[in-house]
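Note that the chains take the letters A, B and C in the order they are written out, and that residue 1 is the start of every chain.
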Amino acid sequence: MKTKIGFFDFAGCEGCQLTVMNLEEELLQVLQLVEIVEFRELMSERVAQLEIAFVEGSICRPGDRQRLQQIRDRSQVLVALGSCADNGGVNALGSDRTAEVLRQQVYGSDLPHLYTETPQPLSAVVKVDFRVPGCPIDGREFLAILQALLLKQQPELPSFAVCVECKLAEYPCSFDYGQVCLGPVTRAGCRAICIDGGGHCRGCRGLIDNPRTSPYHRILEQHGLCFDEILDQYRTFNIGEQESAK
Amino acid sequence: MSQRIKLDYLTRIEGHAQLIIERKAGKVTGCRLEVVETPRFFEALLQGRHYRDVATIVARVCGVCSISHTLASLLATENALGIEVPPAAQLLRRLLSYGEIVQSHLLQLYFMAVPDYLGAASLFQLLDERQELVARALRLKRVANRICEVVGGRPIHPVTTCLGGFSAKPEAGQLKQLRQELVAALPDLEATVELFAEFDYPQFSRQRVALSLQAEERYPLHGDSLIFSSGEKYPVAEYRRQIEEYLLPHSTAKLARTQSGCYMVGSQARICNADGHLSPMAVKVADALQLDRAGRNPFENLKARLVEVIHYIEAALHAIDDLLQRGMHRISSNSTPAAGGAGTAAVEAPRGLLFHRYEYDPQGFLQQADCVIPTAQNLASIEADIQLLLPQLLELPEEQLRKRLEMLIRAYDPCLSCSTH
Amino acid sequence: MTPASSLQNPSALLSDSHWRAMPQADVLRFVRSLLLAYDVVGAQNKRGRIVLDSLQDAADLLLDFPPAVHSPKKFLFPNWDQLFRFKLDENILLQPETAAPPRIIFGMHPCDLHAVKILDDCLFDGESDSSYRAKREATLLVGVDCTPDEYCFCTSLGTDRIAEGFDLFLHRRDDSYLLQSGSERGLQLLQNHAPEIFDGVAESPLPLQVKQCSNKVQFPIESLPSLMEEAYEDDIWQELGQDCLGCGSCTLLCPSCYCFNVQDKLEINLQEGQRIRTWDSCQFDQFAQIADGENFRSSQADRQRHRFYRKYKYLWDKYQRTACVGCGRCSRECLSQIEPVEVLNRLFATAPPALISDQPGSEYQPQMAQVLEVRSLSEQDRLFKLQLPQPLDFTPGCFVELSVFGLGEAPFSITSPPDGGNLIEVVIRKAGALTQALHRTREGDSIGIRGPFGTGYPLAQMLGKDLLLVAGGRGLLAIRSLLLAALKQRQEFGRITLLCGGRDIESLMFPQDLLDWHQSGLLDCRIAVKDQQNHWGVPAVDVSYLFKDLEINPQRTVAAVSGPPGMYRQINPLLFRMGLDDEDIYLNLERHMKCGLGKCGKCRINNICVCESGPIFSYHSIKHLAEAIER
């Protein structure tokens, strides 16, 4: 009996679901083990019960909460897919303003259907069993987590920082190029793909469990950033809320 | 007696929408495509961000067309701050766009549209019966994604693009390998053409206005000039004078119109305005599929998309050859960004014209942003089509009515999270 | 036995025929030929960084470069190493561990070669690591001179040069290379892929350029154990803990760090998979986490301290060498700029001065000694009288390291007595390239010297006792120092007896001294020689013959035996039969020494490091090593 899994989305770009689609050949193999029973972007079917729900996007409207709760109720395991679902992600960039201000800025209108609240991660509404971080998620990591779930094991995320993957791959350090990089405090698992691409880490995978913020901030200060600019670094993907409070 | 039909769980499209039809005494009295996507206020989120971070953030508007958003954003900022882009980087950007359009089109054709024509609820349902077809779909998507991977670092949310060009370039060996993969995909493309040639497309016709970038040396992709199917041309920077965005109380996506009403963007619009620039292979395919170049039947969007797949694959092969022969010595800009300014850019995204316009303050922080999304421009056109189609369908049982309307909406391949953003 | 030693025959290495000239163009040709048969790994410039990677085109190979980002550990002990494959529904594994591909690492700096020796020590210790062994055996190492950068501190650790542990080594000359072969395999490689060089004219070994590192440890590295011993509670670890990001770069990039994780990676079908080994780091949060979740090294300060102790203390305790080769990779990549040299120098600067002051002249870098006199003792042996820049404090039996740049260094017993002055005598027997070069030195020349090293005879404990000195062959060198020291204060000792054996009179060291002593009346000097060709000495098969009519008082007597290993097997039972206590018998294990630095591990016998605790041992202290000393 194949394990029934489903994909669901809230406010987001659907890039994480697309990443799953992009597994291509591997997806075909996965389909020997699981049955995708819901995936609105790709299929019309719907079911009553499923074993694993992968949920993308953040929660912004009262209706979202209700729908998420329903998904939770009919799923044995609920996995947050990607940074929007995991911690609010890019969506939360506007959380320094009220939704009303944002509405006025973009729509110049306050029509009721435009109503939103501050974007929240899934865990603010329901119990989230596991999470696949990243913006977008890493396809291979998704597979590893799915594997663990199918084997009834506890999926594990790397507890070390992106720097590790950077050093393993022998990429030049972004700081050497005058770029401020969140790699030293961001959870690994992306194979440092942004640094490979010549850029720097913006922290989309969230902070490691034990980020060494005080030496890290010292290094940023040495690179000419003031405290507010340091906090601003964490904002792109809405990580380190707790850190900024310190 | 009035009746309300609500199609509230539209599937096999990107994003969330519902279709409401109201009829009274056998006549349609109302028809609304309600985009219920959550507003994320991207234009507002960009405010106060430094120009270095803008493209990365705005790419998150949409996973399917993140490359188009990235490039439109970079081009707009480059225009605003006077940053030149070396020719090799421009060429690489085109190749990257080809990859995105091909992968988006293939996703739509195989995963969203094909089930309708083969009587399935999803492609996964065909896993056992049409194993070869599913495998082929995945193989082709893979090739398209490989273009994006080799040039952009990954298929979604590219990591090598930067202001002024690229922060990393593919190695020549990778491009040669990619070229082989593209050539090797031709038999699969032929099979795809055969598949789509067999489908029975619903008959429907409406004269529509097409808007695209103007083809200059080549089929439109990135450019400075707009062209309507009437032949009227305007500079991209003046897009706000030609296009007006407006809000309706049922859609979180803004809609767009010209002074004369709704218009279409996307594959059909591009072919309508620039079919003379299609590649030889694409022309052959267009003929084989008996494609109406004027784009009067929205269901033929599928054909148009497939013709473009062929065109962009061929264009990608040429771009690779060009890159290999010219070399990629300089892929990033030397120019110093100006202290602030305003800039507009438009690119042809998979679903059509995408505009980004930014204003920066002298410190390089964004003050004002505007993004006009292809799907938003098509929404009014979709509604108009539905209005016109509905009377023919009203006698059908609701299930079939629903199916036919969904097919029509899918044919446009709306990207709704994008349209709301 | 390590592959290194099984593949190489160090005794043959230092002969001149292992040196050949190699023009620059031939290096390229050589590499091209190698590329046809091997995976050739070399330093290349990739995205502005120097990395070791499989070479596609010989023209990309760099030969003059600062340390590459990763060391050759990347290939010998890779981060993702499949140990074996398995299938879940079958109880035996599918395939044996994959044979390592034939590979050449072309361009190993001396520091990286030293690091491989450390990996060998650690990974072949006990149950040897078969995956590492397979790669080690399938990989040939070609050394090349380096260009230290501002992070390198190899000169402080003596790892800027190496005499063995490679198959070939390219020494840079002005516009060509001098190729040194270090193993049979290396020679074969040359024969097969550069026959014209193989058949070419042998070159004489050339002194090498002396490397210069601006980054230096400011104290003799031998002081490290005692320095670290006292530094465990130092505040510096807290400070490092506060600076450290815990990213683990230092250990991942370290050429000799090898801590690892073993994980199972399943295929997508969940039916089969592989067990793989990945690098771990003691700097990571969960490294010291045990089953119940408790972390026994929970603070970053503890982790940094652990790292420094792993590098500079623990391995020293076991192998008398650091687990650091001074390549500087850790500090080169450390965002927080944690630099071992700075840490060590700070520890040294704040350490109590007594720690190192009792080790005069033990600077890691040789001092220069002037050759005052050269006297031929035999065809092969010459006595050198050396003048040092400062007085030398040692006990008889201690040794010094003499060196010629480019040929390395070797230990030599001091054969003169300690006199508080700055003159010493050593005897050098011509054997390999180094000793030949030393033989070529003339009065007025300078040679490198370090030392004294080792623990000699406890002269003070011998006062008032009868001395029974037994010397065979070169064993007389150390005995001479002891005897001359005793004769300087003759009245402090009881009877002194010297029993000396040799093949013939000519082979005896110091025949004139022996004759003088024989005739002096200050001691009882008896000589046994196999081939009687002179009027003095007793014809005998070996020195044990001289015990025949020996009368000693076992309660008053201390015996010092010094000679080839076989001699102890004969003599020790005789001494015990005469009633000597095992605490009163001193043996000289000099022959077990190799590098003299307490580093190479060659002189280790079980838990004893000869060149540090010895070479002079009481029988009592080493009797558990009977197999080593009486074999």
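By our rule, a residue touches a chain if its C-beta (ideal position, glycine included) is under 8 Å from a C-beta of that chain, and two chains touch if they have at least 3 such contacts.
Note that the structure is predicted; figures quoted are calculated from it, not measured.
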Graph separation of chain B and chain C (steps between touching chains): 2
Chain pair showing more contacts of the two, A-B and A-C: A-B
Chain nearest the overall Cα centroid: A
Inter-chain centre distance, chain B versus chain C - centres from mean C-alpha coordinates, in Å: 68
Centroid distance [mean C-alpha coordinates] between chain B and chain A, Å: 25
Centre-of-Cα separation between chain C and chain A, whole angstrom: 53
Set of chain B residues in contact with two or more other chains: 168
Where chain C touches two or more other chains, by residue: 47
List of chain C residues in touch with chain A within their complex: 46-49, 51, 69-70, 79, 242-249, 252-253, 266, 268-270, 279, 281, 284-286, 300, 333, 335-336
Partner chain A, residues of chain B touching it in the complex: 9, 11-16, 36-45, 47, 49, 53, 56-57, 60-64, 66, 107, 111-112, 115, 121-125, 127, 134-135, 138-139, 141-142, 145, 152-160, 162, 166-168, 247, 249-252, 254, 417-418
Touching residues on chain A, where the partner in the complex is chain B: 10-19, 21-22, 24-25, 27-28, 31, 36, 39-46, 57, 60-61, 64, 89-91, 93-94, 97, 101-103, 105-107, 109, 111, 113-114, 116, 119, 135-136, 193-194, 196-199, 202, 236
Chain A residues within the chain C interface of the complex: 26, 29-30, 32-33, 143, 147, 150-151, 159-161, 163-164, 167-168, 170-173, 175, 184-185, 208-210, 212, 214-216, 218-219
